[in-house]
Structure formats: structure tokens, C-alpha cells
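Structure record follows, encoded as C-alpha cells.
Which chain is which? They are A, B, C, D, E and F, in the order written, and residues in each are numbered from 1.
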Amino acid sequence: MELPDLRGREAILKVHAKKIKTADDVDFHTVARMAAGASGAELANIINEAALRAVRGGRTVVTEADLEESIEVVIAGYQKKNAVLSDQEKRVVAYHEIGHALVAAMQSHSAPVQKITIIPRTSGARGYTMQVETGDKYLMTREELENKIATYTGGRAAEEVAFGQITTGASNDIGQATKLARAMIARYGMSEDFDMVAMETVQNQYLGGDASLTCSPATQQEIDRKVVELVKAQHAKARKILTDNRDKLDELAGFLYEKETITGEEFMEILTGGEQR
Amino acid sequence: MELPDLRGREAILKVHAKKIKTADDVDFHTVARMAAGASGAELANIINEAALRAVRGGRTVVTEADLEESIEVVIAGYQKKNAVLSDQEKRVVAYHEIGHALVAAMQSHSAPVQKITIIPRTSGARGYTMQVETGDKYLMTREELENKIATYTGGRAAEEVAFGQITTGASNDIGQATKLARAMIARYGMSEDFDMVAMETVQNQYLGGDASLTCSPATQQEIDRKVVELVKAQHAKARKILTDNRDKLDELAGFLYEKETITGEEFMEILTGGEQR
Amino acid sequence: MELPDLRGREAILKVHAKKIKTADDVDFHTVARMAAGASGAELANIINEAALRAVRGGRTVVTEADLEESIEVVIAGYQKKNAVLSDQEKRVVAYHEIGHALVAAMQSHSAPVQKITIIPRTSGARGYTMQVETGDKYLMTREELENKIATYTGGRAAEEVAFGQITTGASNDIGQATKLARAMIARYGMSEDFDMVAMETVQNQYLGGDASLTCSPATQQEIDRKVVELVKAQHAKARKILTDNRDKLDELAGFLYEKETITGEEFMEILTGGEQR
Amino acid sequence: MELPDLRGREAILKVHAKKIKTADDVDFHTVARMAAGASGAELANIINEAALRAVRGGRTVVTEADLEESIEVVIAGYQKKNAVLSDQEKRVVAYHEIGHALVAAMQSHSAPVQKITIIPRTSGARGYTMQVETGDKYLMTREELENKIATYTGGRAAEEVAFGQITTGASNDIGQATKLARAMIARYGMSEDFDMVAMETVQNQYLGGDASLTCSPATQQEIDRKVVELVKAQHAKARKILTDNRDKLDELAGFLYEKETITGEEFMEILTGGEQR
Amino acid sequence: MELPDLRGREAILKVHAKKIKTADDVDFHTVARMAAGASGAELANIINEAALRAVRGGRTVVTEADLEESIEVVIAGYQKKNAVLSDQEKRVVAYHEIGHALVAAMQSHSAPVQKITIIPRTSGARGYTMQVETGDKYLMTREELENKIATYTGGRAAEEVAFGQITTGASNDIGQATKLARAMIARYGMSEDFDMVAMETVQNQYLGGDASLTCSPATQQEIDRKVVELVKAQHAKARKILTDNRDKLDELAGFLYEKETITGEEFMEILTGGEQR
Amino acid sequence: MELPDLRGREAILKVHAKKIKTADDVDFHTVARMAAGASGAELANIINEAALRAVRGGRTVVTEADLEESIEVVIAGYQKKNAVLSDQEKRVVAYHEIGHALVAAMQSHSAPVQKITIIPRTSGARGYTMQVETGDKYLMTREELENKIATYTGGRAAEEVAFGQITTGASNDIGQATKLARAMIARYGMSEDFDMVAMETVQNQYLGGDASLTCSPATQQEIDRKVVELVKAQHAKARKILTDNRDKLDELAGFLYEKETITGEEFMEILTGGEQR
């Protein structure tokens, strides 16, 4: 089953929304954009969750805010309000998330940042940065993939720049960056040496499906080397971006630490020279 | 089960066509040629699909056009009219498809181009180039196989020549080119070094069936090297063909970008010096 | 279950033939010899098939010819009369089959050629060369096995000698030659270096059963090397035989191309200096 | 299922405690801290076990001590009072446990020691050292992970320092230290050379889930080397800590040997210069 | 289930023999010795088979000869009287079997030859040499194992000495010799280099059970090398024995070729200087 | 399920013994010591077996001797009185068993010898040496493990010293010595190079459970090398012990050959200078 694209998501949301009362200002196109990657079943869940939220809030109509929060609930679970991060952990998480956002923002072709939050979720996430594309993406260039890897490494890069030490907080980013880099080398023909030869086959065709090697151990080793080289270069780039923008990094992380959630607009305002708060 | 050959397909189509009314001009031989690779079940589907299409179109007889469109539906799914590629993506896809077609056309022994389209299909294809052989092919020479690999690489080669950058759009071509090149080296005895020794055995005997290695890791590495060498050479050839025919590439891609679908006749007309449109 | 030997096959054929009327001249010994490798069930099928063929031909007795044709049906399927090979493909297939036959005939210890045909069969075979041993073979010497490998390579060697190019038509020969060569090296103790040590074990004891390696990767590599060396030498020998007998190759291939089927007698007549036709 | 965090454990304990009568002084926050890593089902068990213990002790209310002992029962099984360690074994175990505790205490970022015991348990443990964090830990720095490895090696290091010989008593510690060190190298991106590339994937996401390698044998070897280097350095550090604090080691081990169980307070008192007993 | 030993076999045979009438001269001890390696079920079969044979022969009592022939039937199947080996094949088989027998006889510690036959059996055996131990063997020395390997290689060695060529007839011997040699190296600690370290583990504990490697590929390669060296040396010894006794080899093979079966007494008579026949 | 320890075994034996009448002198502590490694079910069997033995012997009470013999029956099966070892085999087995016992006795930390026997058992054992610890062992030092390996190699070492040749009789010892040595290197952190890093993980936690490798092939090779080195050194030590005590070896083996079973007291008496018998 292919996942629905942007228009498909909008259509599915509207179908399910017929069963509930929505506020006049609800913009399903925006909601569909934010719900990138959601399946049909998850889109139905988002509508239900939003309806429940409205009920809990004593409202008779579902608002845009209900829908947006319910996207986060479906993707990352409910807010885990009573999780108690130590102050130092909270500070590290704030820098980590700003690291992702700032590296993304400082590169071309990155999807705009929609929201950054350090309120833990029941999925186990200690925070996340939501980027939202303006439309569907069917093709990705090598440069866009490299930037995506750099963005994944941005969280740890921020820890390095700000604290000079690293934590287990980047585990998931490491997995994602590795998956993408391996695909570039072993499936998308994006290395000089392998040219247009696939060294892996994939069971599940979506980005990051399960890959199985079809090459010799010596070629596997070459893949390992190329993957490390690729990720290392993007990690270094991310670190440079953050070092070059240390002021913004500190300002944004401080703001996020305090507010716990910031919107894309707030993020851009500070980034584009908004004065010190 | 062996797939039906050309005569077989024509016979099967005619059997199923007895249940429907077809226009007088329907040429089942041509339909059978276009449906190369289809199984008996798929051929039955093609007739059903064409009948439904006629009904939807308010026609009482099934036309040649109904049959041709239904072949595409069975192979690649319905047109996905509301898929919104960005303008730049659409331009890349147009060059990509013309790349395949132009490399095929500029080599001897290639099957003629029947149709090129960049209307996305529900199968996930963002476009495709349909080549149709004039008869069944029982044997393929090394040169024909190499040309086929060059044709597979033609899509990315066009991206390189036109845009100087590469995308994930060639993933499937990479898989196909690799499969064919591995078969040449490891099963068809088409390398100097391995002579007439098979280094893989195949479960499913059709071209590109699942192969399992029966050789040592060191020999696997040699296979990897030879496959890369083989594909690299054809990729370079494809790039040269497109660079040498840059004018035609631009003209054809521009035409396809605008029209979204072009026929084999239109393709050949432009290719053989038809004046600028 | 061991397959029946020559006497066994003759006996089985006679048992089943009791249920049908056979012409006086039917020689079950010859039929049994031609049906080498057939199982008990296949021998029963051969009798049934021959009976049906006689009925279709309006005959009340089954003739030797009915039996011989039905052997081919059981082994390779029915003639696929409507398969349309291109003229060039037909020519390549003719040379390919004569290549096998001529290499076999020019070596000592080869079973005599009984029939060569290029009428495609429903099994997918584009043609074949039937060699029939005069008796059962219980032991094979190294030389006989090497000659058998040379015969397998004879098809492609003929393509090389006559057309200077190679095709996928030799895929099956490559698999068979490899299987035999691996068995010589890894199971029959026919290499200097491994002496009487088995490097593979076999599940199914018949010639070419499924083998699984029981040695180290480095030893596997040595096996690969020895197999290539062995096959390469026989392939070169086959090519030499055909080059040295180019006149006969051309004459026989031309004759087969025209007639589509030739008997062992016709083959030998041309081979032993029958004048130009 | 994610395990409950500190607040979650406290809440779950209180829910189950409603069914029993507890002494006024019971501090569920402390109990929850001690029960780190327990699942919901284990927390329910802890309450039941404590109730049974009170009954066996002829008490009508469950005390803090009942709850603390029942945590140990659920985690490590009942005390195995009749296990007869030889005197020398008992001495070795005492040094081993003090080794863990002393190395932990002498490093920064280590959770405080709560209790050390050398009374064997039915789980097979010959003794253990209970460390209790003051709050939940969501992130671990490289330094904290290294210290944890050093603490694991502290048991054997004490055997080396005190007896100049080593025993099988460290088997479990070796497994834990290896697991953590491999995760640092192959999943947490904590080696210079692999940067932010994952060389393993993990089925079960909790610390120390089952990992499967996705890299070449040569890269595996590099992982092995780095893991050994990492553990060796921490082991050496542990040995140095114990050598530098030989007096305390002897004093504490002697005390534990005699008393069989010592509390965190007793441990700290001796450690921080309490006079000789 | 352990197989019965000599006394056990004798007892089992006697139990089953109670149900039939046996000639007075039947020596169950001898029969039990000849049936070495037979299971309880096979011993029951031997008695039944002998009874049927007596009935077919019109005898009312079962003779020693009935029992001896029925052992062969149970082990190797019925005589396949109508198998037609070519004269050359029969000659090769005669030399092959005498090769085994002569190498065995010329070495110390070999079990005496009981019978040699070249009448094919339905098991597929083209002939065999029956050696019968005088008692059970519980231990085998390195020398005895080496001699056993030499005996296995004796068949092919005879082909080499007499005909200067080798055949597939030694396939089974190669498998047996390899199995024994691998066990000596990898399980019986009979190589200098591996000392008393097992490099394989065995599922089924009887001689030649299924072994699985538990060592590194590099060690596997060492095993391969040592196995080849070991077998090569014994093969050379076998060839030397036969070359040194060429007269006896020719005489015995000629006698066996003519008679098709010879007894241990006939074998020894010729071997120990019986005059030319 | 953990196996019962010494006290546990004694308790279990006493529970089951309540159902039978035992002689006054029965010492369950000694019986429990001899039954080291027995499960609860096996302990029940030992009591039943002893009761049956008393009945067969016409006794109304179960004696210590009944219990001791029944331990052997449960562990190694019934005596196989009619097994006929050749005189030479019997002599080899006698030296082999004394080899184990003498090497054990000449090293410190070895459990005392309780009984040595060369009466074959239905388990297939041709003899065995029973060593009985005075108490449970919870920890083993490197030295104790090395001594245990030396004891395993003592059987073959005795064959070498006494006969200058080796037999298959040490197969089982080789497997046990290898298992222990691999555990020392790969799981107990007892090699300099791997320090406290585990290179294997174990499914079943008891000594010698099934281990699976988690390291690279190169590291496996290092493990192989270290294991060989370790076993070789202990084997050499065993050989030295036996060579240095050749008189005692001959005397004890001669005595065992004659008596077939000797007690620990007899063994010690001869060992500690009892005069020649």
C-alpha cells in the first residue's frame, strides 16, 4: 500500500471530518501538510482524537488547534507532563532540538520548521522538531539527501558545540542518518565508485525499507567506509553551521528551554535578527 | 508457468474479446505486441478494463484506444491526475524519460519507442517510456544486453547532462541495470575471466529470477567489480549519446514537458529532424 | 528411488505396451535406449502419449515413430509450431545445436548423435541434440567427463566461430557444464590439489544432485578457480574442434536451418564426407 | 511497552497499596526509587510480597522494611540461607561487591550505593550492590557510560587487587560491560572513527536490546577492537581506584564479610573516614 | 539408540531364529560378526530374508548360506542380475574392489577380508569388499584410522596403477575417507597443531555423525589443508602398496573378473603365493 | 531451573527416602556429595533404583552401597557385563582412567577421587573416574579451571606416555576441555588480550551452555588460537605429571586392569607410597 500523497491526505481528512463539526477557519490543506507520512488509518485517528480533545475542552466544534495537537498525539503520543527531566537534561534537549532546526534552516532545500518542543511524549521522545514541506516531494537530489543527513546530525552537533560532550540522546538520529546514507551509496547510485550498481535489494520499497546485502564482504566494507565518510562530512558541516551561528544557537536554545515549545514563526523571528529577549 | 509468447497473447486476447463488442479496426496483433510480458490473467484483465472504459466513455464498442489505455492501467495502474509534481520535478522527469528513449533510439537492436508519458500512475511511477518489440525475442546477444543496460542508465544520464545533478528518480533503473549486468557476468558466461562458468543458480528461470550465489566471497567480490565496470561503461556511453545529441534531448524533453504524453511517431519525427515546434 | 537402467526401462515399456497394439517392427530396446534417464512414471507416459498420437493419426497400431516422438514430448513438451523465431535467431540456434553435435562427434567416448532439431518445444527449448548411449554407463572416466563439458560448451563455441558474438542461448549449457566441473573438483577427487578429499556433500546422490559446501571460504575460492580453469580448457577445445571443422559446421548448420530436424544418419553422412548438397 | 518512570512507579505502588494497610512512615517515593527498572506487574508483586512478609512477621501493617525487602525478593529471589559458601568464596564475594561499590563511589555521576549484601539469593546471585538514582535518567553522557563500565569491572578488579587471581564470579559483569561498550561504539556514535554511523540495528529499543550487525566482517573486527580498548581502559581505571584506596577496600570488605549486609549509610561512613572498627 | 555390539547381535539373532527352523551347522557367532553395524530391526530382517530364501530354494531349514546371503541383501539390496556393465567397466570394478582388499590386507590392524564381489546390487553398488572384524572394536588408534583411510583410497589407487586413469567409481570412498580424516583432525585431536581442541561439534555421536563447525573461517581453511595432507599421504601409501604388489593385483583382479565373487579364503590363498591358476 | 546444591540434594534424598527402609549407617550427606549435578528427578530415581537393587539382592533395607551403585546407574547406565573389550583395549582404558585420576590428584584444588572403574556401562562409557567435591563450588579461579582442563587431557596423556600412541577414546574429553577453554577465553574474561569483553553470549547459563559468537571472523580466529594455546599448555602439564610419576601410573593402571574397579582409598594408598602389590 502506497501512503496517500498531499491531495490524498486532504481528501481523506475531509471525508472523516464530515462526521464531526469543525470550526469555519479549519484549513485542511495545512493539516494535510503537517500530517505528511500518515496512513489512511492514522488520518482517521487524527480526526477522532481532535473530536475527543474538543469534548474534553468543552468545545462543540473542532478547531485547527485541536487538529494540530491531535497530529502530534497520533505521531508521538500524548504529552507526558509528569516526566521530570533534570535541569541539565532539559538544557541538553533544548540545545539538541535547536541544533536540528538551525542546521535545517541554514541549508537550502530544507522544509521549513513548523514547531519545536521539549515536552516529552509517551512515545519516549524527549522533544522534537517538526518540519513541514509545502508540497509532496517525489524526487530528492543528492544535495537534498545530504542536507537531510546534516539535519539529523545537528542535534548532537549542538551538544558538542554547547557542552563539549555527547549523550545517548542522538541514538535515533544516528539510525536515521545511517539508513539514508546507506541508501545513497548502495541503492541510489550516489557514489562515484559503484556508479549505477545496486549493492542492496529492498523488500519494502518506501524510503528506508528493509535492505538486504547482495554483495561480497569486501564490497560491504567499502559501503561501510563510504557511509562513514558521507555522514562524517555532513556532521562536520552541521557543527560548522552551529559554531558559525553560536549566538543564535544559544538564544534559541535558551528561549526553548524557557518556553518548552516554540512555533516556526517565533523560530524565524529570532533567527532573522529579532533582538535579544 | 511460461508466459505466453506473441502469438499466444494474440490468441488469448481474441478468446476473451469474444465476450465483448470490438470496433472493426481493432488490431489484436498490435495489442498483443504492446502487452509483452503480460500473463494470461493480465490479458483477460486488459479486455475487461477496456470494456469498462468504453462503458464509462458511453461507447457501445471497445476501440483500439480503449485496449491500449487498459494495457497501461494493468501494467502501471490508473492515471493519478491529482498528483502535483513541482515544476522542477516535472522538468526532471521529462528529461529522465527522454533520456531512456533517446539512448534506446540511438543504439542499434533497441525496440522502437511506442509512447512516452510523464503522467504519474497509481503504481507510483512518475512517468515511463514504452518500447515495443516487433516480434518475440528468444535470444539476446551481449551487445543487445549492454544496450539495454545503457537504456536503463539513460534516465539519470539525462539528469546529469541537463541539470548537473542526480536524484532518487533512478532507483528502479539502478536495480534493473544491476540485475541484468549480474546475470551477464554470473549466469550467461559473458565475462572473459569466468568463461562458461555459472557463479549463481536461479530459482525462477525467467530473466531476472531470484539468484543465489554458489561461489566464494572472493569470487563474489570479482563479480561486484565486473558488474560495476560493465554498468559504468554503459552509463558513460549513455551520457555520451545524450551529450552528442543535446539539441534533440532539450527539444524532446521540452515537448514532453508541455504535452505530458508523446507517441512514438511524434518522438521519431522530432528525432529525425522535424523542425522546431 | 534409483532410476531404472536400460534393461529395466525396456521391461517397463513392454509391461505398459501390453495395454496397446504396437506395430510388428517396434524395437523396444531402441526405444529404451532413447528414453535414457526416464523414470517409471515417464515411461508409462511415453506409451500413453504414443497411443494418443496414433489415434490422432488415424492409425490402429502404435509405430516406432509414434514412440520416438512421444519420448520427445515427455522430455521436452509438444512442438510449439507457432513460435516465430526471427531468421537470424533460427540461424544462431542451428549453429548452436550443430556445435554441440559436432564437438561430441569429434571426441572419443561420446554417445552417438540420434537426432538434432530446431523446432521449439513447449518446455522453452529452442532446439536440442539427442545423443543416445548404446548401453548403460556406470562409470565415467575423467576424460569422458571433460568431453561432456566440451560438448556442453560446443553450442556457444559455434556461435563464436560462426558469428563472432555470443547470446543468452547458452545459459542452460553453462549451468550444466558448471555442475559437472564442480562435481569433478569437489566430489570426484579429480584435481591434483584436493586429491581424494570431498569439499562438498550431496543430498541427492544422482549426478548433479544438490551440493552443499563443507569447506572454508578460501577453499571455495580454490574450487572456483579450478572450475573456471577446467571449463575454460574444454571450451577452448570445443572452439578448436569447430574452427578446424569449419566447413562441416557450416554445411551441417545450413542443412539443419533448412530442414529443421536431421537424423543421426544424415548427420554422420554429411560429417563423413558426404558430398555438398 | 515502555517501563514506568519514577513518578509512574510511585503512582502504581500507591494504587496497589490501597488494598493493604501500610505504616505511617512508608515513603513511596523512596520505594519507587529503589524499584528502578521494575515493570507494572513487578510493582504489584512487590506490594503483595510485602504484605505476605508482614503476615509472616505477625505484623498488621506493612512497613518500609517489608517493602524494601520485597523489592529484593522480586528482583533477586528469596534469600537462600542454607547456601554454604566456603570461607574463601565468601571472602572473595565480599571483596567483589565492595569493588563495585567503591569504584562507583569514587567516580562522579554514579548513583549512590543503597545497600550491599553477600547473602546468596535463589536467583543464583552470590551477592549484589544496589545503587539507587535520585531521579529518572533520560540521557547518559559518554563519561557516565564509561563510569558505568568501570563499575561493572570493579568486582573483578577487587579480586585482582586483593587476591592476585580471578574467578568466574565476574561472568555476568563481563556480559553487561560488553553490551554497554558495544552500544557506545556501534549504536551511540561514540567512537571517533565511526562518527554518527550505526553499525548495528536493535530489535528491542531499551538499553541493551538484542542487536544485529549490519556491517562487513572487517568493520565487525574494528568494533571488537574498539570495544576491547574501551573496556580495558575502564578496567584499568577501576583497578587504579581500588589500588589507590586499598585501605578502604580492605576495611569495607572485612566489614561486609562479617555483617553480610551493609547499608549505604554504613558504607559512606566508613568511606568518609569513619575510624577503624 | 546405541547399536548392539557383537554379543548383542548374536543374542538378537538367536531370539528371532527361534521362530524358524535352522540347520544344525548354523554358527550365529559368525553371522553376528558379519552383520557388524546392523541395528536390531535389521537383524530381524536378516532372519526373515533368510527364511524366504530357504522357501524359494525349496529347503525346509535355513542354512548358514541363507543367512550370509540375506545379510548382503539387507545391507546392499538384492543382486541386480540383469545389470549390464560393459566389459571395460567390469574390469575396472574388479581392479577397484581388489584395490580395497589388497591395501587392507597389506596393512596391519585391518579386519580380514570375508568376501569380494562385483555382482551389482539394487542399492546401486557395483561391487563391494566385505571385511569382518573378529570382535567388537571400542577404540581406534591413529594408525588404524590412517589404515582405514588408505583402504578407502585403495579402489581408485588400483584404477590408477592398472589403467592410468580415474573414474567416478570412487565417489563414495572419497566421501568416507574425507569424513574420517576430518574427524581425526577436528574431533579426535589427532593433529599436532590443534592438540586436544575440538573444532567441530557433532549432533549424532556415532562415527561420522553430522558435524557442524564452531571455528573461524581461517581455522576451517587449516582443517581443509590438514585433511588433504592426511588423505593424500594415505592415498600415496595405497598406490605404493599396489605398485609393489602389481602381480598379485593383476592376478586377483583377473580372478575376480572371471568368477565375479571370491571368498576370503580364495583371496588369501592367491595372496600368500598360491600358484597361478 | 537451577539444579539443587549440596544441602538441597541431601534434603531431596531424605524426602524420597522416607518411602523406603534404609540401613542405619546410610550417610545421606555423602550420597548427596556423590550425586553432584543431579536434578531433583534424578535424585528420586536414585532412591528408586537403590530400592530395586536391594530387592534384587534379597535385602529388606537399602544400604549405602545400594545408593552408591544406583548413582552410577542413573548417571552412566547399568553395567554392561557382556561387553568384550580386547585385552589391549582394556589395558588402554585402564591407563586412560588412571591418567585422569593421577593428573587430578597431583594438582592442588582438585576434587578427591572417589572411585575409578573400567567396567563398561550401557551409556557407552568404557570406564570413568568419579571425583567428589567436599562441598558446593560457587566460584572457580583461573587456576582451578586450568587444572580441570589438565585433568580432562590426562586420559590421552597417559596413552601417550604408556603406549606412545593415541586413540579415539579421548573424544569426549576433547569436547569438554574445549568447552571449558572457550568459556575462559570468550566469556570469563580470562585472556590478557580480550580483557573483560565477552566474545560469546550464552543461551543456557550453566557451565558450558550453548554459546553463540557475537564477534568478527578475525576475532573468532584469535579465540581459536588462544583456546589451542591454553589446552596445549595443560596437556603438556598433564603429560609431565604422568612422566614424572611413571611408576605410580604403571602401578595404578596395573591394579585397575586387574580389579576393574578401585576405590578412592585404594587409589590414595597406592599413590602415597603403599608398597608394590
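What we mean here is this: a contact is a pair of C-beta atoms (placed from the backbone, for glycine too) under 8 Å apart; a residue touches a chain by one contact, two chains touch by 3 or more.
If you're wondering where the values come from, they're calculated on a predicted model, not measured in any experiment.
**Q** Which is the least count of steps on a path of touching chains running from chain B to chain F?
**A** 3
**Q** Please report the smallest number of touch steps linking chain C to chain D.
**A** The least step count works out to 3.
**Q** Farthest from chain A in C-alpha centre terms, which chain would that be?
**A** If we average the C-alpha coordinates per chain, E ends up farthest from chain A.
**Q** Please indicate which chain is farthest from chain F, where distance is taken between mean Cα coordinates of the chains.
**A** B
**Q** Let me have the rounded angstrom distance from the C-alpha centre of chain D over to the C-alpha centre of chain E, please.
**A** Inter-chain centre distance comes to 62 Å.
**Q** Roughly how many whole angstrom separate the Cα centroids of chain A and chain D?
**A** One centre to the other, that is 36 Å.
**Q** List, in ascending order, every residue of chain F touching at least 2 other chains.
**A** Residue numbers touching two or more other chains: 217-218.
**Q** Follow the ring of contacts from chain B in the direction of chain C and write out the chains one by one.
**A** B, C, E, F, D, A
**Q** For the complex, which residues does chain D have touching chain A?
**A** Checking each residue of chain D against chain A gives 2, 5-8, 135-143, 145, 187-190, 193-199, 201, 205, 215-219.
**Q** Going by the contact rule at the top, pick out the chain F residues touching chain E in the complex.
**A** Contacts found on chain F: 82-86, 89, 92-93, 120, 122, 124, 126, 152-153, 156, 165-171, 173-175, 177-178, 181, 217-218, 220-221, 223-224, 227-228, 231-232, 235.
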